[in-house]
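Heads up, the next two complexes both have chain A, just with different partners, chain B and then chain C.
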Partner chain A sequence: MSNIALNRLQRECKEVVTNSEISETGIMIEILNENLTEIKGHIRGPPDTPYAGGMFDLDIKIPEQYPFSPPNVKFCTKIWHPNVSSQTGVICLDILKDQWAASLTLRTVLLSIQALMCTPEPKDPQDAVVAKQYMDKPAVFKATAEFWTVKFAKGHLDVNKEYQTRVDKLKDMGVREEEAISVLSCNNWDINRATVYIFS
Partner chain B sequence: MVQEKSSDENQPASVSVAGPAPLNEEEIQLQDQQLRQIENEQKKVPLVGEKIPFTTLLSEYDVANAETFLSKATELAEVYEHMRYIRGDGNCFYRAVLAGLFDIWLQDRPRLQQYIGIAKAWPEELKRLGFPDWTCTDFCEFFVDFLVDVEAGAKDEETLWEHLNADSCANYLVMFFRLITSAFLKKNADAYAPFIDDGLTVAQYCENEVEPMWKDADHLAVAGLVQALDTRIRIEYMDRTVAPNGGWHYDIPNFAEGQGPEITLLYRPGHYDLIYKKQE
Partner chain C sequence: MEQMQVDESVMKVEEPGHVTISNDSYEMETTTGTQPPHPGVHLESKTRLQIVVKKLHVCGEWKWLQGGEDTCGICRMEFESACNICKFPGDDCPLVLGTCRHAFHRHCIEKWIAAPTNQPKAQCPLCRQDWQVAEP
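== the complex of A and B ==
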């Protein structure tokens, strides 16, 4: 990365850290290496969404061509959202792909992801299973996303006992908790179908 | 809590949703690989090539496969003496104009000073039009500083051409062009709105097509940049069916006879190179 890009990136990092206390905007970054190519992002789950109360971490990698190519951003906290892969955390967001512009910054990226958490775009999904649930069974979607927030994003809501019982049942059969949650979520919490999926 | 009672409880878990299916990991990897291949191909050509005889172009075509292009190239070789190949990375129009201006700046000091004046006026204009503040004005400052260096003779000609071929520097200059192109179109949105399809506003069009790096310039972007820079360009077409006026060349803006273009570009479908006229 050139010096000019590095200077700009330093300024971008400061912009997030100083302009925006996490209490105010809900976004924060942590710099992981000296040349600023690896950064950790944090987004507080926006209020009035299934993500409320959670803290979501993101891996941000700055490419050689920055700021002409977008930063590579994905969730490392597992999240149940139509535009985020429930498996890999990859995000489907136009400004992280072909709508990236060199005038955007880490701050605008994190705020855009936060906005996406408030307003999913199920018609342009990253995770088709989640998107289908979001459109067809909004109540199940909401409960599932809340469950994931509690389990993976340090959310402090009470855990959904009914869902937890089903997760525990699969755990008793020797399934890892994370896999149990994932498969149950993909099967609208139908334990029979989840069991068939795992063991067949 | 939620107890879902639905009739499709026994439906398989596989789903289909409207819109394009998201790519799986393997497909994403394959796509990345293909993109890298294309990128590596592109990188074989320098950002801005050396000035070479125009007749080099003739060797690209042979009578058997490209007779029309060969005869057009031969015809153009009567008028044009030199050319520079420009890398086809989506920035070729912007970069060709930049390289063309470079020749002028190195030779015509008063004109260089005019360009410095033009460039200095843009940051305020960008702010007024609501562009994100410091990231945009950074590009303006970089551009102005670069021209001031040229004027001061701080770098010799060879070094300057090296800068134009170095990603880090050259792309900042190109980005300035993209921003002022967008700004010009947004500022004159009423005039340009009728030319935009798909129900997009001028601002949306600029954000989709002009501001992102690596996106080809279409006629609107061409018109925007030329006027934002207050220059005059001529585009020679190898294939006149794609010229906006159906002619062999196209002048922007429509300048008077006798007042020649400052820069001339050669357009072949999807790509611009820089060409130079024979001295009279």
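== the complex of A and C ==
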């Protein structure tokens, strides 16, 4: 990595670690290798959202041209959100693409993602199925996002029993739990449609 | 350095050497050997002490006029430090002020302007207005 990227990242890591950021905003970073090309980000699910109580992990890859090119950031914790792929964790956020600015930092990027968790942009979706559910069936969206938070992000809410029963039914048919949750979520928890989707 | 000001108020006296006492007069000894000793400057004092300053170590501080108290928004170094490409700060690593009044190390903003995603027209990394260098 170039000198400029390394120097800057070292300062940025200090910024996130020392800023008493963890208690105030719930963002954290974890350095995975010495040359700082791969970093793990953590975001606490913001209160008053379906993500509250969860801890979401992100993979951050720093390109050679950093900070003149944006970092590559994606969720590695599965999350049900209109602007995040429910399959791959890829995030649709303008500042990670064409609206990147060299003055942005790991801290501001993580804070922006946290803000995106509070305010989804369904008109510019990364996952069209999630976005459609968000707009057409907001109650189902909320329940689904909460279910995902409990299942994948160590959320401490009670698990939605009705949803869990349907997941278990699919599991009894030999479907992996993760796939069962994903397919049911995409089919608004209609078990018949989910079964048809999986077995046809 | 034309664009710099030396702030008089921060001139400091450093490295006084050690003080020897002989009778009632205090003397600051110069520690470097070969130069002919300076006769020294007598300091007025309301006490009985007779202080003769033979050597002062003056140090100045400079600041870029365009920079203010902030750090460069691109490399995150103080404006008075060199950018991450340069070894030494100063005239060889100057600042540039945009028409939006945001300043950066010249080398940093030049790299930003040259980034492929910022062609043909770059914006200020801080306020996203079209980047244009302010006339001095």
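The rule is short, and it goes like this: the second predicted complex is superposed on the first by the 198 of 200 C-alpha atoms of A that agree within 3 Å, B and C clash if a C-alpha of one lies under 4 Å from a C-alpha of the other, contacts with A are read in each partner's own complex, and residues count from 1 in each chain.
In this text, contacts are C-beta pairs under 8 Å (C-beta built on N, C-alpha and C of every residue); 3 or more make two chains touch, one makes a residue touch a chain.
Just so it is clear, the structure is predicted and the values come from calculations on it, not from any experiment.
Chemist: Superpose on chain A as described above, then tell me if chain B and chain C fit or clash.
Modeler: They clash.
Chemist: In the superposed arrangement, which partner chain does A:H156 touch: chain B (first), chain C (second), both, or neither?
Modeler: Neither partner.
Chemist: For A:K123, decide between first (touching chain B), second (touching chain C), both and neither.
Modeler: In the superposition, A:K123 contacts chain B only.
Chemist: Please determine whether it is chain B or chain C that touches the greater number of chain A residues.
Modeler: Of the two chains, more chain A residues are contacted by B.
Chemist: Quick one: is A:C92 in contact with chain B, with chain C, with both, or with neither? Answer first, second, both or neither.
Modeler: It touches chain B, and chain C stays clear.
Chemist: If you stack the two complexes on chain A, which partner ends up touching A:K14: first (chain B), second (chain C), both, or neither?
Modeler: A:K14 sits against neither chain B nor chain C.
Chemist: For A:C186 in the superposed arrangement: first (chain B), second (chain C), both or neither?
Modeler: Once the two structures are laid over each other on A, A:C186 reaches chain B alone.
Chemist: Now for A:A101: first (chain B), second (chain C), both, or neither, which partner does it touch?
Modeler: Both chain B and chain C are touched by A:A101.
Chemist: Which partner does A:I4 reach: the first (chain B), the second (chain C), both, or neither?
Modeler: A:I4: touches chain B and chain C.
Chemist: Can you check which stretch of chain C gets into chain B in the overlay, out of 6-14, 24-32, 42-50 or 96-104?
Modeler: 96-104
Chemist: In the superposed view, which residues of chain A touch chain B and also chain C?
Modeler: 4, 8, 11, 65, 67-69, 98, 100-105
Chemist: Which chain B residues qualify as touching chain A in the complex?
Modeler: Residues of chain B touching chain A: 1-4, 6, 9, 13, 15-19, 21-22, 25, 28, 131-132, 134-136, 138-139, 142, 167-169, 171-172, 175, 179, 207-208, 211-215.
Chemist: Please output the residues of chain C touching chain A within their complex, sorted ascending.
Modeler: 73-77, 83-85, 108, 111-112, 115, 117, 123, 125-126, 128
Chemist: For chain A, which residues count as touching chain C in their complex?
Modeler: 3-4, 7-8, 11-12, 65, 67-69, 98, 100-105
Chemist: For the complex, which residues does chain A have touching chain B?
Modeler: Answer in residue numbers: 2, 4-5, 8, 11, 65, 67-69, 85, 88, 90, 92, 98-105, 108, 122-129, 131-132, 135, 137, 139-140, 142-143, 160-163, 186-190, 193, 197.
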